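You will see two complexes here that share chain A, one where it goes with chain B and one where it goes with chain C.
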Partner chain A sequence: MVTNVTNLGRSGLSDWLVQRASAVILALYTVFIVGYLLLHPQLDYLTWSGLFERTSMRVFTLLALLSIAAHAWIGLWTVVTDYIKWTNLRLALQAFVILALFVFVVWSVQVLWGA
Partner chain B sequence: MTTQKPLQTAKRPVNLDLSTIKQPLPALVSISHRITGVMLFVGLVFALWAFDASLSSERGFEAVRDALAHNFFAKLVAWGLLSALSLHFVAGIRHMAMDLHFADDREGGIRTSKIVIIASAVLILLAGVWVW
Partner chain C sequence: MSMLNVSVYRYNPETDDKPYMQDFQVDTHGRDLMVLNVIQLIQEQDPSLAFRRSCREGVCGSDGLNMNGKNGLTCVTAVSEVTKNGKLTLRPLPGLPVIRDLVVDMALFYHQYERIQPYLQTTGPAPAIERLQSPEERDKLDGLYECILCACCSTSCPSFWWNPDKFVGPAGLLQAYRFLADSRDDATSERLAGLDDPFSVFRCRGIMNCVNVCPKGLNPTRAIGKIREMLMSNAT
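On to the complex of A and B.
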(Lines of atoms letter the chains of each structure in order from A and count residues from 1; the text may use other names and numbers.)
(Lines give C-alpha, C1' and ligand atoms only; values in the text may rest on other atoms or scores of the structure.)
Protein backbone atom coordinates (compact mmCIF):
# COMPACT_ATOMS: atom_id res chain seq x y z
CA MET A 1 0.00 0.00 0.00
CA VAL A 2 1.24 3.44 -0.88
CA THR A 3 1.05 5.80 2.06
CA ASN A 4 0.81 9.40 1.06
CA VAL A 5 2.14 12.06 3.38
CA THR A 6 0.41 15.17 2.02
CA ASN A 7 -3.28 14.25 1.97
CA LEU A 8 -5.62 15.22 4.80
CA GLY A 9 -6.29 11.91 6.53
CA ARG A 10 -3.18 9.95 5.38
CA SER A 11 -5.67 7.42 4.01
CA GLY A 12 -7.84 7.45 0.93
CA LEU A 13 -10.81 6.02 2.82
CA SER A 14 -10.60 8.70 5.50
CA ASP A 15 -10.39 11.44 2.84
CA TRP A 16 -13.31 9.87 0.98
CA LEU A 17 -15.48 9.96 4.11
CA VAL A 18 -14.46 13.51 5.16
CA GLN A 19 -15.18 14.70 1.61
CA ARG A 20 -18.74 13.29 1.74
CA ALA A 21 -19.50 14.51 5.27
CA SER A 22 -18.25 18.04 4.47
CA ALA A 23 -20.19 17.95 1.17
CA VAL A 24 -23.45 17.24 3.00
CA ILE A 25 -22.81 20.07 5.50
CA LEU A 26 -21.94 22.50 2.68
CA ALA A 27 -25.00 21.48 0.65
CA LEU A 28 -27.26 22.15 3.65
CA TYR A 29 -25.55 25.49 4.36
CA THR A 30 -25.81 26.54 0.70
CA VAL A 31 -29.52 25.71 0.54
CA PHE A 32 -30.07 27.62 3.81
CA ILE A 33 -28.20 30.80 2.75
CA VAL A 34 -29.61 30.89 -0.80
CA GLY A 35 -33.11 30.25 0.58
CA TYR A 36 -32.66 32.98 3.22
CA LEU A 37 -31.50 35.54 0.64
CA LEU A 38 -34.35 34.63 -1.73
CA LEU A 39 -36.90 35.00 1.09
CA HIS A 40 -35.46 38.39 2.13
CA PRO A 41 -35.17 40.43 -1.09
CA GLN A 42 -35.25 43.71 0.92
CA LEU A 43 -32.65 42.53 3.44
CA ASP A 44 -31.20 45.25 5.70
CA TYR A 45 -28.10 45.41 7.89
CA LEU A 46 -29.89 44.88 11.23
CA THR A 47 -31.67 41.71 10.09
CA TRP A 48 -28.51 40.36 8.44
CA SER A 49 -26.18 41.06 11.39
CA GLY A 50 -28.90 39.83 13.77
CA LEU A 51 -28.88 36.48 11.96
CA PHE A 52 -25.13 36.06 12.55
CA GLU A 53 -25.37 37.10 16.21
CA ARG A 54 -27.36 33.96 16.98
CA THR A 55 -25.19 31.24 18.54
CA SER A 56 -26.89 28.56 16.42
CA MET A 57 -26.03 30.45 13.22
CA ARG A 58 -22.44 31.02 14.35
CA VAL A 59 -22.01 27.30 15.08
CA PHE A 60 -23.60 26.35 11.74
CA THR A 61 -21.39 28.87 9.91
CA LEU A 62 -18.23 27.74 11.71
CA LEU A 63 -19.09 24.14 10.79
CA ALA A 64 -19.50 25.20 7.16
CA LEU A 65 -16.20 27.17 7.20
CA LEU A 66 -14.24 24.21 8.56
CA SER A 67 -16.01 21.97 6.03
CA ILE A 68 -14.90 24.30 3.23
CA ALA A 69 -11.29 24.09 4.45
CA ALA A 70 -11.31 20.26 4.61
CA HIS A 71 -13.33 19.83 1.40
CA ALA A 72 -11.16 22.27 -0.59
CA TRP A 73 -7.96 20.71 0.71
CA ILE A 74 -9.00 17.15 -0.22
CA GLY A 75 -10.35 18.28 -3.60
CA LEU A 76 -7.37 20.41 -4.57
CA TRP A 77 -4.95 17.78 -3.25
CA THR A 78 -6.58 15.28 -5.61
CA VAL A 79 -6.43 17.71 -8.54
CA VAL A 80 -2.77 18.70 -8.07
CA THR A 81 -1.60 15.12 -7.47
CA ASP A 82 -3.36 14.08 -10.69
CA TYR A 83 -2.07 16.81 -12.98
CA ILE A 84 1.13 18.31 -11.54
CA LYS A 85 3.87 15.75 -12.09
CA TRP A 86 6.77 17.98 -11.07
CA THR A 87 7.22 17.37 -7.33
CA ASN A 88 8.59 20.80 -6.39
CA LEU A 89 5.77 22.66 -8.10
CA ARG A 90 3.17 20.28 -6.63
CA LEU A 91 4.48 20.78 -3.09
CA ALA A 92 4.63 24.55 -3.61
CA LEU A 93 1.00 24.59 -4.80
CA GLN A 94 -0.09 22.38 -1.89
CA ALA A 95 1.69 24.69 0.55
CA PHE A 96 -0.04 27.70 -1.04
CA VAL A 97 -3.47 26.04 -0.78
CA ILE A 98 -2.94 25.13 2.89
CA LEU A 99 -1.77 28.66 3.69
CA ALA A 100 -4.70 30.22 1.80
CA LEU A 101 -7.22 27.99 3.60
CA PHE A 102 -5.59 28.79 6.96
CA VAL A 103 -5.92 32.54 6.26
CA PHE A 104 -9.50 31.94 5.11
CA VAL A 105 -10.44 30.19 8.38
CA VAL A 106 -8.77 32.80 10.63
CA TRP A 107 -10.27 35.71 8.66
CA SER A 108 -13.77 34.24 8.66
CA VAL A 109 -13.66 33.40 12.38
CA GLN A 110 -12.70 37.03 13.03
CA VAL A 111 -15.66 38.20 10.92
CA LEU A 112 -18.00 35.77 12.64
CA TRP A 113 -17.06 36.81 16.18
CA GLY A 114 -16.66 40.46 15.22
CA ALA A 115 -13.03 40.93 16.24
CA MET B 1 -5.33 -15.50 -9.03
CA THR B 2 -3.81 -13.93 -12.12
CA THR B 3 -0.53 -12.10 -11.92
CA GLN B 4 -0.65 -8.49 -13.04
CA LYS B 5 1.69 -7.68 -15.91
CA PRO B 6 3.30 -4.26 -16.15
CA LEU B 7 1.39 -2.06 -18.62
CA GLN B 8 4.26 -1.92 -21.11
CA THR B 9 4.61 -5.67 -21.52
CA ALA B 10 0.87 -6.31 -21.78
CA LYS B 11 -0.01 -6.41 -25.49
CA ARG B 12 -2.48 -3.58 -25.49
CA PRO B 13 -2.26 0.05 -26.52
CA VAL B 14 -1.75 2.55 -23.73
CA ASN B 15 -2.62 6.20 -24.23
CA LEU B 16 -2.69 8.53 -21.26
CA ASP B 17 -2.69 11.77 -23.25
CA LEU B 18 -6.07 13.20 -22.26
CA SER B 19 -6.12 15.77 -25.06
CA THR B 20 -6.15 13.04 -27.73
CA ILE B 21 -8.96 10.97 -26.21
CA LYS B 22 -12.61 11.60 -27.07
CA GLN B 23 -14.24 12.34 -23.72
CA PRO B 24 -17.60 10.66 -23.08
CA LEU B 25 -20.29 12.67 -21.26
CA PRO B 26 -19.51 11.34 -17.73
CA ALA B 27 -15.85 12.33 -18.25
CA LEU B 28 -16.91 15.87 -19.18
CA VAL B 29 -19.11 16.07 -16.07
CA SER B 30 -16.19 14.80 -13.99
CA ILE B 31 -13.72 17.36 -15.33
CA SER B 32 -16.32 20.14 -14.96
CA HIS B 33 -16.78 19.10 -11.34
CA ARG B 34 -13.03 19.53 -10.83
CA ILE B 35 -12.81 22.84 -12.72
CA THR B 36 -15.76 24.35 -10.82
CA GLY B 37 -14.18 23.13 -7.56
CA VAL B 38 -11.00 25.07 -8.35
CA MET B 39 -13.13 28.09 -9.37
CA LEU B 40 -14.97 28.00 -6.05
CA PHE B 41 -11.64 27.87 -4.17
CA VAL B 42 -10.42 30.96 -6.06
CA GLY B 43 -13.82 32.64 -5.53
CA LEU B 44 -13.64 32.18 -1.74
CA VAL B 45 -11.68 35.42 -1.46
CA PHE B 46 -14.52 37.40 -3.13
CA ALA B 47 -17.23 35.69 -1.08
CA LEU B 48 -15.35 36.24 2.16
CA TRP B 49 -14.65 39.88 1.28
CA ALA B 50 -18.39 40.44 0.74
CA PHE B 51 -19.21 38.51 3.94
CA ASP B 52 -16.72 40.60 5.93
CA ALA B 53 -17.91 43.91 4.53
CA SER B 54 -21.62 43.07 4.89
CA LEU B 55 -21.22 42.35 8.62
CA SER B 56 -18.70 45.11 9.40
CA SER B 57 -21.13 48.02 9.52
CA GLU B 58 -24.28 49.51 8.00
CA ARG B 59 -22.09 51.30 5.43
CA GLY B 60 -20.23 48.11 4.56
CA PHE B 61 -23.53 46.27 4.10
CA GLU B 62 -24.85 49.00 1.79
CA ALA B 63 -21.56 48.94 -0.18
CA VAL B 64 -21.95 45.21 -0.88
CA ARG B 65 -25.64 45.65 -1.69
CA ASP B 66 -24.86 48.56 -4.01
CA ALA B 67 -22.04 46.65 -5.74
CA LEU B 68 -24.30 43.65 -6.36
CA ALA B 69 -27.04 45.95 -7.67
CA HIS B 70 -25.01 48.24 -9.94
CA ASN B 71 -21.41 47.07 -10.41
CA PHE B 72 -20.95 45.00 -13.58
CA PHE B 73 -17.81 43.24 -12.33
CA ALA B 74 -19.41 42.35 -8.99
CA LYS B 75 -22.45 40.92 -10.78
CA LEU B 76 -20.22 38.92 -13.12
CA VAL B 77 -18.26 37.43 -10.20
CA ALA B 78 -21.47 36.66 -8.29
CA TRP B 79 -23.04 34.97 -11.30
CA GLY B 80 -19.81 33.10 -12.07
CA LEU B 81 -19.57 31.77 -8.54
CA LEU B 82 -23.25 30.83 -8.39
CA SER B 83 -22.86 29.05 -11.74
CA ALA B 84 -19.80 27.12 -10.56
CA LEU B 85 -21.64 26.29 -7.34
CA SER B 86 -24.69 25.07 -9.31
CA LEU B 87 -22.72 22.56 -11.35
CA HIS B 88 -20.52 21.49 -8.43
CA PHE B 89 -23.61 21.00 -6.23
CA VAL B 90 -25.55 18.90 -8.75
CA ALA B 91 -22.51 16.87 -9.84
CA GLY B 92 -21.71 16.28 -6.15
CA ILE B 93 -25.18 14.88 -5.52
CA ARG B 94 -24.68 12.56 -8.53
CA HIS B 95 -21.36 11.47 -7.03
CA MET B 96 -22.94 10.57 -3.69
CA ALA B 97 -25.88 8.86 -5.36
CA MET B 98 -23.37 6.67 -7.20
CA ASP B 99 -21.64 5.90 -3.87
CA LEU B 100 -25.00 4.45 -2.82
CA HIS B 101 -24.96 2.37 -6.03
CA PHE B 102 -27.66 4.45 -7.66
CA ALA B 103 -27.15 4.48 -11.45
CA ASP B 104 -23.52 3.38 -11.11
CA ASP B 105 -23.40 1.31 -14.30
CA ARG B 106 -22.37 2.59 -17.73
CA GLU B 107 -25.87 3.52 -18.96
CA GLY B 108 -26.82 5.04 -15.61
CA GLY B 109 -23.65 7.14 -15.62
CA ILE B 110 -24.48 8.56 -19.03
CA ARG B 111 -28.13 9.16 -18.10
CA THR B 112 -27.31 10.98 -14.84
CA SER B 113 -24.61 13.00 -16.65
CA LYS B 114 -27.32 14.37 -18.93
CA ILE B 115 -29.47 15.17 -15.88
CA VAL B 116 -26.53 17.01 -14.27
CA ILE B 117 -25.95 19.10 -17.41
CA ILE B 118 -29.63 20.01 -17.80
CA ALA B 119 -30.20 20.71 -14.09
CA SER B 120 -27.11 22.87 -13.73
CA ALA B 121 -27.94 24.75 -16.96
CA VAL B 122 -31.37 25.58 -15.49
CA LEU B 123 -29.80 26.65 -12.17
CA ILE B 124 -27.19 28.80 -13.98
CA LEU B 125 -29.99 30.54 -15.91
CA LEU B 126 -31.99 31.11 -12.72
CA ALA B 127 -28.87 32.45 -10.98
CA GLY B 128 -28.41 34.84 -13.93
CA VAL B 129 -31.98 36.07 -13.57
CA TRP B 130 -31.40 36.56 -9.82
CA VAL B 131 -28.15 38.49 -10.25
CA TRP B 132 -28.93 40.70 -13.30
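On to the complex of A and C.
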Protein backbone atom coordinates (compact mmCIF):
# COMPACT_ATOMS: atom_id res chain seq x y z
CA MET A 1 0.00 0.00 0.00
CA VAL A 2 1.33 3.42 -1.02
CA THR A 3 0.13 6.34 1.11
CA ASN A 4 -1.14 9.58 -0.44
CA VAL A 5 -2.80 12.68 0.98
CA THR A 6 -3.25 15.09 -1.93
CA ASN A 7 -5.28 12.99 -4.36
CA LEU A 8 -9.04 13.61 -4.45
CA GLY A 9 -10.45 10.43 -2.90
CA ARG A 10 -7.59 9.06 -0.74
CA SER A 11 -8.05 5.78 -2.62
CA GLY A 12 -7.07 4.79 -6.12
CA LEU A 13 -10.36 3.01 -6.66
CA SER A 14 -12.48 6.02 -5.72
CA ASP A 15 -10.36 8.33 -7.90
CA TRP A 16 -10.72 5.89 -10.78
CA LEU A 17 -14.51 5.67 -10.39
CA VAL A 18 -14.95 9.45 -10.00
CA GLN A 19 -12.76 10.00 -13.08
CA ARG A 20 -14.99 7.76 -15.19
CA ALA A 21 -18.33 8.99 -13.82
CA SER A 22 -17.31 12.64 -14.28
CA ALA A 23 -16.18 11.85 -17.84
CA VAL A 24 -19.66 10.49 -18.65
CA ILE A 25 -21.33 13.59 -17.17
CA LEU A 26 -19.00 15.90 -19.13
CA ALA A 27 -19.68 13.95 -22.34
CA LEU A 28 -23.45 14.26 -21.82
CA TYR A 29 -23.15 17.99 -21.08
CA THR A 30 -20.98 18.56 -24.15
CA VAL A 31 -23.40 16.68 -26.39
CA PHE A 32 -26.30 18.72 -24.96
CA ILE A 33 -24.63 22.12 -25.38
CA VAL A 34 -23.31 21.37 -28.89
CA GLY A 35 -26.74 19.98 -29.89
CA TYR A 36 -28.48 23.06 -28.44
CA LEU A 37 -26.18 25.41 -30.37
CA LEU A 38 -26.74 23.47 -33.61
CA LEU A 39 -30.54 23.56 -33.14
CA HIS A 40 -30.49 27.32 -32.47
CA PRO A 41 -28.41 28.86 -35.25
CA GLN A 42 -29.95 32.32 -34.65
CA LEU A 43 -29.31 32.21 -30.90
CA ASP A 44 -29.88 35.52 -29.11
CA TYR A 45 -29.25 36.68 -25.55
CA LEU A 46 -32.84 36.16 -24.38
CA THR A 47 -33.02 32.53 -25.51
CA TRP A 48 -29.56 31.79 -24.06
CA SER A 49 -30.27 33.39 -20.67
CA GLY A 50 -33.72 31.78 -20.72
CA LEU A 51 -32.04 28.39 -20.98
CA PHE A 52 -29.93 29.09 -17.90
CA GLU A 53 -32.91 30.46 -15.91
CA ARG A 54 -34.31 26.95 -15.66
CA THR A 55 -33.41 25.20 -12.42
CA SER A 56 -32.80 21.92 -14.26
CA MET A 57 -30.23 23.60 -16.52
CA ARG A 58 -28.52 25.22 -13.53
CA VAL A 59 -28.34 21.89 -11.72
CA PHE A 60 -27.00 20.16 -14.86
CA THR A 61 -24.42 22.93 -15.36
CA LEU A 62 -23.32 22.84 -11.72
CA LEU A 63 -23.00 19.05 -11.99
CA ALA A 64 -20.82 19.49 -15.07
CA LEU A 65 -18.69 22.11 -13.29
CA LEU A 66 -18.18 19.90 -10.24
CA SER A 67 -17.31 17.08 -12.64
CA ILE A 68 -14.70 19.27 -14.32
CA ALA A 69 -13.23 20.12 -10.92
CA ALA A 70 -13.05 16.47 -9.81
CA HIS A 71 -11.83 15.28 -13.20
CA ALA A 72 -9.14 17.95 -13.39
CA TRP A 73 -8.02 17.37 -9.79
CA ILE A 74 -7.52 13.64 -10.38
CA GLY A 75 -6.01 14.09 -13.84
CA LEU A 76 -3.59 16.88 -12.97
CA TRP A 77 -2.64 15.19 -9.69
CA THR A 78 -1.64 12.16 -11.76
CA VAL A 79 0.36 14.25 -14.23
CA VAL A 80 2.14 16.14 -11.45
CA THR A 81 3.04 12.97 -9.53
CA ASP A 82 4.40 11.45 -12.74
CA TYR A 83 6.65 14.29 -13.82
CA ILE A 84 7.49 16.54 -10.85
CA LYS A 85 9.93 14.75 -8.58
CA TRP A 86 10.89 17.69 -6.35
CA THR A 87 8.46 17.53 -3.42
CA ASN A 88 8.21 21.28 -2.74
CA LEU A 89 7.38 22.11 -6.35
CA ARG A 90 4.96 19.18 -6.62
CA LEU A 91 3.10 20.20 -3.49
CA ALA A 92 2.98 23.85 -4.63
CA LEU A 93 1.55 22.86 -8.04
CA GLN A 94 -1.01 20.55 -6.44
CA ALA A 95 -2.10 23.34 -4.07
CA PHE A 96 -2.32 25.78 -7.00
CA VAL A 97 -4.50 23.41 -9.04
CA ILE A 98 -6.84 22.70 -6.11
CA LEU A 99 -7.16 26.40 -5.21
CA ALA A 100 -7.80 27.37 -8.84
CA LEU A 101 -10.51 24.69 -9.16
CA PHE A 102 -12.12 25.88 -5.91
CA VAL A 103 -12.20 29.48 -7.18
CA PHE A 104 -13.68 28.40 -10.52
CA VAL A 105 -16.44 26.39 -8.82
CA VAL A 106 -17.43 29.20 -6.44
CA TRP A 107 -17.24 31.75 -9.25
CA SER A 108 -19.44 29.64 -11.52
CA VAL A 109 -22.05 29.23 -8.77
CA GLN A 110 -22.16 33.03 -8.59
CA VAL A 111 -22.52 33.25 -12.39
CA LEU A 112 -25.28 30.62 -12.48
CA TRP A 113 -27.41 31.93 -9.60
CA GLY A 114 -26.21 35.52 -9.41
CA ALA A 115 -27.82 37.43 -12.25
CA MET B 1 29.36 -11.62 -47.31
CA SER B 2 26.12 -10.11 -46.01
CA MET B 3 26.92 -7.49 -43.45
CA LEU B 4 24.53 -6.26 -40.80
CA ASN B 5 25.11 -2.85 -39.22
CA VAL B 6 24.57 -3.01 -35.47
CA SER B 7 24.67 -0.06 -33.10
CA VAL B 8 25.18 -1.12 -29.48
CA TYR B 9 24.72 0.85 -26.26
CA ARG B 10 27.99 0.81 -24.34
CA TYR B 11 28.67 2.01 -20.82
CA ASN B 12 31.32 0.96 -18.37
CA PRO B 13 30.92 3.11 -15.23
CA GLU B 14 34.54 2.45 -14.25
CA THR B 15 36.01 4.00 -17.41
CA ASP B 16 33.26 5.96 -19.22
CA ASP B 17 31.94 9.36 -18.21
CA LYS B 18 28.67 8.67 -19.99
CA PRO B 19 27.06 6.03 -22.22
CA TYR B 20 27.72 6.02 -25.97
CA MET B 21 26.64 4.03 -29.04
CA GLN B 22 29.26 1.83 -30.72
CA ASP B 23 28.84 0.59 -34.30
CA PHE B 24 29.70 -2.96 -35.33
CA GLN B 25 29.51 -4.83 -38.61
CA VAL B 26 28.46 -8.45 -38.35
CA ASP B 27 28.70 -11.01 -41.14
CA THR B 28 25.48 -13.07 -41.03
CA HIS B 29 26.43 -15.22 -44.08
CA GLY B 30 22.99 -14.50 -45.44
CA ARG B 31 21.22 -16.32 -42.62
CA ASP B 32 18.36 -14.90 -40.57
CA LEU B 33 20.03 -15.18 -37.16
CA MET B 34 18.43 -14.57 -33.81
CA VAL B 35 19.48 -11.26 -32.28
CA LEU B 36 21.27 -13.16 -29.49
CA ASN B 37 23.50 -14.86 -32.13
CA VAL B 38 24.36 -11.42 -33.49
CA ILE B 39 25.32 -10.22 -30.00
CA GLN B 40 27.52 -13.29 -29.54
CA LEU B 41 29.23 -12.54 -32.88
CA ILE B 42 29.81 -8.98 -31.68
CA GLN B 43 31.31 -10.31 -28.46
CA GLU B 44 33.82 -12.26 -30.55
CA GLN B 45 34.90 -8.89 -32.02
CA ASP B 46 34.87 -7.12 -28.65
CA PRO B 47 35.05 -9.46 -25.62
CA SER B 48 34.43 -6.54 -23.26
CA LEU B 49 30.73 -6.37 -24.26
CA ALA B 50 28.52 -7.31 -21.29
CA PHE B 51 25.06 -8.85 -21.71
CA ARG B 52 22.86 -11.48 -20.05
CA ARG B 53 21.67 -14.74 -21.56
CA SER B 54 21.12 -18.26 -20.34
CA CYS B 55 18.71 -20.76 -21.90
CA ARG B 56 18.67 -19.20 -25.41
CA GLU B 57 15.15 -20.55 -26.05
CA GLY B 58 12.81 -17.97 -24.50
CA VAL B 59 12.29 -19.74 -21.18
CA CYS B 60 14.67 -18.16 -18.67
CA GLY B 61 13.84 -14.52 -19.43
CA SER B 62 17.35 -13.20 -18.83
CA ASP B 63 18.08 -11.68 -22.27
CA GLY B 64 15.40 -9.00 -22.50
CA LEU B 65 16.71 -6.05 -24.55
CA ASN B 66 15.42 -3.06 -26.47
CA MET B 67 15.85 -3.93 -30.15
CA ASN B 68 15.22 -1.10 -32.61
CA GLY B 69 13.00 0.55 -30.01
CA LYS B 70 10.95 -2.49 -29.01
CA ASN B 71 11.56 -4.70 -25.97
CA GLY B 72 11.85 -8.44 -26.47
CA LEU B 73 13.92 -11.55 -25.82
CA THR B 74 16.95 -11.55 -28.12
CA CYS B 75 17.10 -15.37 -28.26
CA VAL B 76 13.66 -15.77 -29.83
CA THR B 77 13.64 -12.62 -31.97
CA ALA B 78 14.91 -13.05 -35.54
CA VAL B 79 16.97 -10.22 -36.99
CA SER B 80 14.46 -9.95 -39.86
CA GLU B 81 11.67 -9.22 -37.35
CA VAL B 82 13.28 -6.08 -35.96
CA THR B 83 15.79 -4.79 -38.51
CA LYS B 84 14.98 -1.64 -40.40
CA ASN B 85 17.02 -0.79 -43.55
CA GLY B 86 19.74 -3.28 -42.63
CA LYS B 87 20.37 -1.54 -39.30
CA LEU B 88 19.90 -2.93 -35.81
CA THR B 89 20.10 -0.80 -32.66
CA LEU B 90 20.49 -2.57 -29.32
CA ARG B 91 19.90 -0.86 -26.01
CA PRO B 92 19.35 -2.15 -22.45
CA LEU B 93 15.77 -2.38 -21.15
CA PRO B 94 14.58 1.23 -20.64
CA GLY B 95 13.91 2.78 -17.27
CA LEU B 96 16.18 0.63 -15.09
CA PRO B 97 19.68 1.68 -13.94
CA VAL B 98 22.43 0.36 -16.23
CA ILE B 99 25.13 -1.68 -14.49
CA ARG B 100 27.23 -2.08 -17.61
CA ASP B 101 26.56 -2.11 -21.39
CA LEU B 102 23.34 -4.12 -21.88
CA VAL B 103 23.05 -5.29 -18.26
CA VAL B 104 20.50 -3.50 -16.06
CA ASP B 105 19.86 -3.52 -12.33
CA MET B 106 16.54 -5.34 -11.88
CA ALA B 107 16.22 -4.61 -8.12
CA LEU B 108 13.25 -2.21 -8.55
CA PHE B 109 11.47 -4.76 -10.73
CA TYR B 110 12.01 -7.61 -8.25
CA HIS B 111 11.03 -5.39 -5.33
CA GLN B 112 7.60 -4.81 -6.91
CA TYR B 113 7.28 -8.54 -7.58
CA GLU B 114 8.09 -9.28 -3.95
CA ARG B 115 5.51 -6.71 -2.82
CA ILE B 116 2.56 -8.62 -4.26
CA GLN B 117 3.54 -11.72 -2.23
CA PRO B 118 3.84 -14.17 -5.12
CA TYR B 119 3.08 -17.34 -3.20
CA LEU B 120 -0.04 -19.18 -2.03
CA GLN B 121 -1.33 -18.12 1.37
CA THR B 122 -3.75 -20.42 3.15
CA THR B 123 -5.45 -20.40 6.53
CA GLY B 124 -6.80 -23.94 6.85
CA PRO B 125 -4.80 -26.99 7.93
CA ALA B 126 -2.56 -28.56 5.30
CA PRO B 127 -4.30 -31.45 3.49
CA ALA B 128 -2.87 -34.96 3.65
CA ILE B 129 -1.85 -35.08 -0.01
CA GLU B 130 -2.46 -31.90 -2.02
CA ARG B 131 -4.78 -28.92 -2.40
CA LEU B 132 -7.23 -29.92 -5.11
CA GLN B 133 -8.59 -27.69 -7.85
CA SER B 134 -11.34 -28.40 -10.36
CA PRO B 135 -10.29 -28.18 -14.03
CA GLU B 136 -12.37 -24.97 -14.30
CA GLU B 137 -10.54 -23.39 -11.35
CA ARG B 138 -7.21 -24.41 -12.86
CA ASP B 139 -8.22 -22.87 -16.23
CA LYS B 140 -8.37 -19.43 -14.58
CA LEU B 141 -4.60 -19.51 -14.14
CA ASP B 142 -3.91 -19.94 -17.84
CA GLY B 143 -2.40 -16.82 -19.34
CA LEU B 144 -1.12 -15.81 -15.89
CA TYR B 145 1.31 -18.44 -14.61
CA GLU B 146 3.38 -18.50 -17.83
CA CYS B 147 5.19 -15.23 -17.02
CA ILE B 148 8.98 -15.66 -16.96
CA LEU B 149 9.73 -12.27 -15.33
CA CYS B 150 11.88 -11.03 -18.21
CA ALA B 151 10.74 -7.42 -17.45
CA CYS B 152 10.10 -6.58 -21.12
CA CYS B 153 6.58 -5.41 -20.21
CA SER B 154 7.31 -3.35 -17.10
CA THR B 155 10.26 -1.59 -18.75
CA SER B 156 8.13 -0.63 -21.76
CA CYS B 157 5.55 0.99 -19.47
CA PRO B 158 5.83 4.80 -18.96
CA SER B 159 3.95 4.54 -15.66
CA PHE B 160 6.67 2.17 -14.42
CA TRP B 161 9.41 4.48 -15.76
CA TRP B 162 8.05 7.44 -13.79
CA ASN B 163 7.12 5.58 -10.57
CA PRO B 164 9.03 2.28 -10.37
CA ASP B 165 9.02 2.55 -6.57
CA LYS B 166 5.21 2.87 -6.28
CA PHE B 167 3.54 1.37 -9.35
CA VAL B 168 3.70 -2.43 -9.27
CA GLY B 169 4.03 -2.61 -13.05
CA PRO B 170 2.42 -5.02 -15.53
CA ALA B 171 4.58 -8.05 -14.64
CA GLY B 172 3.91 -7.73 -10.91
CA LEU B 173 0.20 -7.09 -11.45
CA LEU B 174 -0.15 -10.11 -13.74
CA GLN B 175 1.26 -12.19 -10.88
CA ALA B 176 -0.90 -10.35 -8.32
CA TYR B 177 -3.95 -11.45 -10.31
CA ARG B 178 -2.52 -14.96 -10.69
CA PHE B 179 -2.79 -15.36 -6.90
CA LEU B 180 -6.07 -13.43 -6.60
CA ALA B 181 -7.58 -15.82 -9.17
CA ASP B 182 -6.23 -18.95 -7.49
CA SER B 183 -9.01 -20.94 -5.77
CA ARG B 184 -6.49 -22.28 -3.22
CA ASP B 185 -5.42 -18.85 -1.95
CA ASP B 186 -7.17 -17.48 1.16
CA ALA B 187 -5.55 -14.03 1.34
CA THR B 188 -7.74 -12.33 -1.30
CA SER B 189 -8.97 -9.45 0.87
CA GLU B 190 -5.51 -8.74 2.30
CA ARG B 191 -4.06 -8.76 -1.22
CA LEU B 192 -6.76 -6.36 -2.48
CA ALA B 193 -6.29 -4.04 0.51
CA GLY B 194 -2.63 -3.67 -0.42
CA LEU B 195 -3.49 -2.58 -3.97
CA ASP B 196 -6.24 -0.01 -3.37
CA ASP B 197 -4.07 3.13 -3.53
CA PRO B 198 -3.66 5.54 -6.47
CA PHE B 199 -0.29 4.09 -7.53
CA SER B 200 0.00 0.30 -7.15
CA VAL B 201 -2.69 -0.64 -9.70
CA PHE B 202 -4.35 2.58 -10.77
CA ARG B 203 -1.27 4.20 -12.28
CA CYS B 204 -1.96 1.88 -15.23
CA ARG B 205 -3.41 4.04 -17.99
CA GLY B 206 -4.24 1.11 -20.24
CA ILE B 207 -1.92 1.98 -23.12
CA MET B 208 -1.09 -1.74 -23.53
CA ASN B 209 2.63 -1.37 -24.27
CA CYS B 210 2.98 -4.44 -22.03
CA VAL B 211 0.71 -6.55 -24.24
CA ASN B 212 2.55 -5.29 -27.32
CA VAL B 213 5.95 -6.56 -26.17
CA CYS B 214 5.27 -9.68 -24.05
CA PRO B 215 7.37 -12.48 -25.62
CA LYS B 216 5.02 -15.07 -24.12
CA GLY B 217 1.91 -13.42 -25.62
CA LEU B 218 0.38 -12.67 -22.19
CA ASN B 219 -2.04 -9.84 -21.45
CA PRO B 220 -1.22 -7.87 -18.27
CA THR B 221 -3.77 -5.16 -19.18
CA ARG B 222 -6.61 -7.70 -18.96
CA ALA B 223 -5.29 -8.93 -15.59
CA ILE B 224 -5.17 -5.33 -14.32
CA GLY B 225 -8.78 -4.88 -15.47
CA LYS B 226 -9.75 -8.01 -13.51
CA ILE B 227 -8.01 -6.66 -10.38
CA ARG B 228 -9.98 -3.41 -10.78
CA GLU B 229 -13.20 -5.42 -11.07
CA MET B 230 -12.35 -7.32 -7.87
CA LEU B 231 -11.53 -4.08 -6.05
CA MET B 232 -14.79 -2.59 -7.29
CA SER B 233 -17.01 -5.49 -6.24
CA ASN B 234 -15.22 -5.55 -2.88
CA ALA B 235 -15.77 -1.82 -2.22
CA THR B 236 -19.23 -1.01 -3.59
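By our rule, the second predicted complex is superposed on the first by the 114 of 115 C-alpha atoms of A that agree within 3 Å, B and C clash if a C-alpha of one lies under 4 Å from a C-alpha of the other, contacts with A are read in each partner's own complex, and residues count from 1 in each chain.
We adopt the following convention: a residue touches a chain if its C-beta (ideal position, glycine included) is under 8 Å from a C-beta of that chain, and two chains touch if they have at least 3 such contacts.
In this text the structure is predicted, and so the values were computed from the model without any measurement.
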{"item": "Partner chain(s) touched by A:111 [first = chain B, second = chain C, both, neither]", "value": "first"}
{"item": "Partner touching more residues of chain A, whether chain B or chain C", "value": "B"}
{"item": "Which superposed partner A:81 touches (first chain B, second chain C, both, neither)", "value": "second"}
{"item": "First, second, both or neither for A:72, with chain B first and chain C second", "value": "first"}
{"item": "Which superposed partner A:47 touches (first chain B, second chain C, both, neither)", "value": "neither"}
{"item": "Chain B versus chain C as contact partner of A:11, first or second or both or neither", "value": "second"}
{"item": "Chain B contact footprint on chain A (complex, rising order)", "value": "20, 23-24, 27, 30, 38, 43-45, 48-49, 52, 68, 72, 75-76, 79, 97, 100, 104, 107-108, 111, 114"}
{"item": "Complex contact set, residues of chain A against chain C", "value": "1-4, 7, 11-13, 15-17, 77-78, 81-83"}
{"item": "In the complex, chain C residues that touch chain A", "value": "158-159, 162-163, 166, 193-203, 228, 231-232, 235"}
{"item": "Of chain B, residues touching chain A in the complex", "value": "34, 37-38, 40-41, 44-45, 48, 51-52, 54-58, 61-62, 65, 85, 89, 92-93, 96, 99, 130"}
